[in-house]
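Next come two complexes built around chain A: one with chain B, the other with chain C.
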Partner chain A sequence: MLRTEINELLTQTGPGTPMGQLFRRYWQPVLLAEELPGNDCPPVRVKILSERLLAFRDSDGRYGLIDEFCAHRGASLWFGRNEEGGLRCPYHGWKYDVTGQAIEVPSEPETSNFCANVKLQSYPLVKIGDVLWAYLGDPAKRPPLPEWEFITVPEGQAFTSKRLQECNWLQALEGGIDSSHVSFLHSGSLDNDPLFKGSRGNAYNKGDLKPFFEVVDYEGGLLIGARRNAEEGHYYWRVTPWVLPNFTMVPPRGDHPVHGHFWVPIDDENCWAYSFDYHPTRKLTENEVAAMRAGMGVHSANDASYRPLANKDNDYLMDRDAQRRGETYSGIKGIALQDASLQESMGPIVDRTKERLVATDAGIIKARQKLRKAALALTEDGTEPVGNRSVDQKVRSVAIVLPADQSFIDGIGEAMVARPGVGQTTV
Partner chain B sequence: MPKVVYVSALGDQSVVIGQVGESVMAAAVRTGVPGIIGECGGNSSCATCHVWVRDEFRDLVGEPGDLEDDLLDLGVSERRDSSRLSCQITLTDELDGLTVDVPAEQP
Partner chain C sequence: MTVPSLVSSCARAATAKEAAFRIDYPLAPARATRVVGFDAHAVEVVRSAAGHEWNQAQFYSAADPGLQLVTVAGEPRPLAGVLDGVDSVVMVAATGEGAEAVATIGAACHVRGIMTAGLVLTPGRLTSDALVALRPSARVLLVPADEDDLLELLRAIRA
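Showing the complex of A and B:
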């Protein structure tokens, strides 16, 4: 249904592209904090929005995100020595601080001022919660630091993981705002997964395969309501917030921790899924954290480079017997890989001119249109996009049963507002 | 009963006697008018029933709805001020003689 030029507009995020410029108006997750665990630890390669960068933490614990390549002759600084307040290229000893400023070019005469004039591209990198956030845009337009609830709840109440997804960011995001597939693809996990099972909502989810969608504009993006039949005279609503450009949350189930995702473009054919779980009012239990670390819920079991162990090279460990038995609907284990297997199977950038959308795709249509309008408004008229204000980010997903004659937006009241110390609204 | 005239890109006219309450898309699909597909059955989600409404009927037909407007922006081959998804135009007696142009291609 999408015209070719709009598919290109929405999926290309490199420097200079309209969507690339839009993404460069937001703080984005670029690493888990665990990837730079201490002062002078090994630097880490970061590719984001098609830019190749290097993140490191200097002797004083300051974080830096700089051009990966030495200004001298282009060698990768990943091979560098992280020592004594900077990162030194092992080729000829050039040394840079966390701002990308060259602070030593040892081959030059001591009287030389050469290194003062050498500075690599650099971006601010800050730790908030379990995540390192970067801003790659115009410094004059830098928004306030992120305030998402999953990074601002007290210590011990949140868990964040990441995994490589080998397809364009938009088809991953579109899975995140499509509640319709849950009743099929994830139906087995609603019974088995320790982070999902045992809520009343699961029965509604599985009992009504034809959800009705209602999509409402909300502050930084959309609230996407999926309505399913509940007890007589009532509907079960799952309300998924999407905040521009790439934040989504999954409606909660019972007292399980609430989860969501950032879908961060690496380049046009790969993205990182940052997947978080948190509970607004209590610490996560040991069992919950153990399940998350083991790759259950929205998380995945990965190798050291955060690529899932079940991936396209081994057909995601497809188990036809489990599919036949109904243990998993698709034969793939785990919610994250159930999604990733199908989204990656569409190809690196799905050709949306050939898709055939149906009524349950209303949220996807509205989100594409909002993204397109925001990118064009920014690049053609200089209009700053929404998504960076506190009110945009203090948002929550909701699961609720409402009388049949009540619209979800009236019925949820303030339930979609993140309020410290107030529990999630859940069924 | 309102009459609807569908004009193809080549200028061929199909004249359909519609029923009050049915959509301009449904009247076309029911009678096999070329170029109107209506794949999603009238849910405003596929954009395969795009038409351009002739000027003299635009006020009577009115403006597209919210989701319809998004689909016209994103999906159709040539969006014009007169573009509508014909599944979202309900026939009334006042619309007798309604004339719409059908694009050469639907998405």
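Showing the complex of A and C:
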């Protein structure tokens, strides 16, 4: 359980909140690159960390992320005209560049200096990989650009999707850290999903439903090792990295692509799940990409605004027959929606004063502790958080069989370090 | 599929407004937890944690072979009695000392269906004799850990 004030501290990410301050020390995914596909394309509304913003791509291909509302009368610039190097409010013609600087105020005399003094709040927006990244914090504290492996592998080796999740970001993140639910909730998918099936590790997963856990505190966050019985004298380890504040990876299966997530707060009751797959040493196959686009693996089939087609308005397309047949454990199809359906059912912000945690929730308990300490250290002492350095981001999940007497930390060695051209460690 | 006539009859009930209709009742009694330290540093941490306010947690030290534990007041207790009616045991170690006691307690917990957790008090080190000693007996291990982790774990499970 958590006290109310700690639950609020961890779940509130708006401007001025401790957790909001923490998030504003990191580059965060705010759009897929496909959402701004060309110069002068339509602008896109972006709500992130409880701030309403507008993203656009100007005539020269520069990306901008600015306050959604015109400085003049507060109209939404989403209605604006994206043309000739800026975004023009259709109400009275005020025009802004990608930095939020007003560059034309037609009602003022041509020689007026008025617009030099009009500037909307703006944030840097950069394209790396298939993702547009924004930094909403103090410019003087801006960390290096993100270097996650899924955005730095050669073209054709990665696929990224996003989906709306209608609950607080922490509920979604905690699902990414909680390895113990996999043997139950996702058990059907190990046999059926083309992006999971066929690996030797699946048999270990299903053969040992009560794994042991080791939660290892490392500088960028946590490594959560789930240990299951393998052949005589050996254990099968699945190692999940969590990097502060909201990045998790799923341990790989066979030669399938590696996957993971960013859990990005939209506001305190909604978040985006950015889900990626990549292979460190080869291009994704057509079949793999088709499966990802169809919503398999960690992805979901969505409508045009990235809301899953199976959602709370249709009971997530619950299929009791599939549940009875054992095709899915919960009756919901797909890993992503299996998680989302339960996490959303907890309510927009679950009341953690009522929960009954057990010792195997130690990963979640430790992650909450690290988040709380990082947020308070930043706001009270100015201590810079971890997780935004290059070394923190060059991380991989691992699946490995080790002798029973070997520590998984010793056993995985450099397997958890992303190295260009070196394959993932997987079973 | 049929369309439910009440919002509470479908998954759309996951709103803050609907959450207000969740049944509110006192939480069930706290878990009966025992915390055991196996070496000097671990016992010091366990003793310090014992000074906080807890529901049903009790704190002990143990030495090989582990059939008898000692309370923070220095009173010996037989292991079987200490584990009577217990939900979870948290084992704390900084060295490999007391490995036999760890194994004895771990085996006794396994037989009784008691959940075990282990805290490895080795700041800055991810592998240690303490880890090797605790691993076979603890369902979940925190590596490395400190007193704060112990307090956090106990509070989270409402010990």
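Just so we're on the same page, the second predicted complex is superposed on the first by the 427 of 427 C-alpha atoms of A that agree within 3 Å, B and C clash if a C-alpha of one lies under 4 Å from a C-alpha of the other, contacts with A are read in each partner's own complex, and residues count from 1 in each chain.
By definition in this document, a residue touches a chain if its C-beta (ideal position, glycine included) is under 8 Å from a C-beta of that chain, and two chains touch if they have at least 3 such contacts.
Just so you know, these numbers come straight off a predicted model, no measurement behind them.
In the model built by aligning both structures on chain A, chain B clashes with chain C. In the overlay built on the shared chain, the residue A:Ala359 is in contact with chain B and with chain C. When the two structures are aligned on the shared chain, A:Ile266 is found in touch with neither chain B nor chain C.
By the document's definition of touching, both partners, chain B and chain C, reach A:Gln369. In the superposed three-chain model, the partner touching more residues of chain A is C, compared with the other of chain B and chain C.
Of the two partner chains, chain C is the only one touched by A:Ile349; chain B is not.
Legend: residue contacts after superposition of the two complexes on their common chain; A:Ala291 is shown touching neither chain B nor chain C.
Using the contact criterion defined above for the overlaid structures, shared-chain residue A:Val98 touches neither chain B nor chain C, since it reaches no partner.
With both structures placed on the common chain, the touch criterion links A:Leu36 to neither chain B nor chain C. Overlap of the chain B and chain C contact sets on chain A: residues 1-2, 215, 356-359, 361-362, 365-366, 369.
Interface of chain C with chain A (complex): residues 1, 10-12, 14-16, 18-19, 22, 27-28, 88, 90, 115-117, 126-127, 131-132, 135, 138-145, 148-149, 152-153, 155-158.
Residues of chain A that touch chain C in their complex: 1-2, 166-167, 210, 212-218, 269, 312-316, 341, 344-349, 351, 354, 356-362, 365-366, 369, 405, 407, 409-410.
Taken in their complex, chain B has these residues touching chain A: 39-40, 43-47, 67, 70-71, 73-77, 107. In the complex of the two chains, the chain A residues touching chain B come out as 1-3, 6, 215, 353, 356-359, 361-362, 365-366, 368-369, 372.
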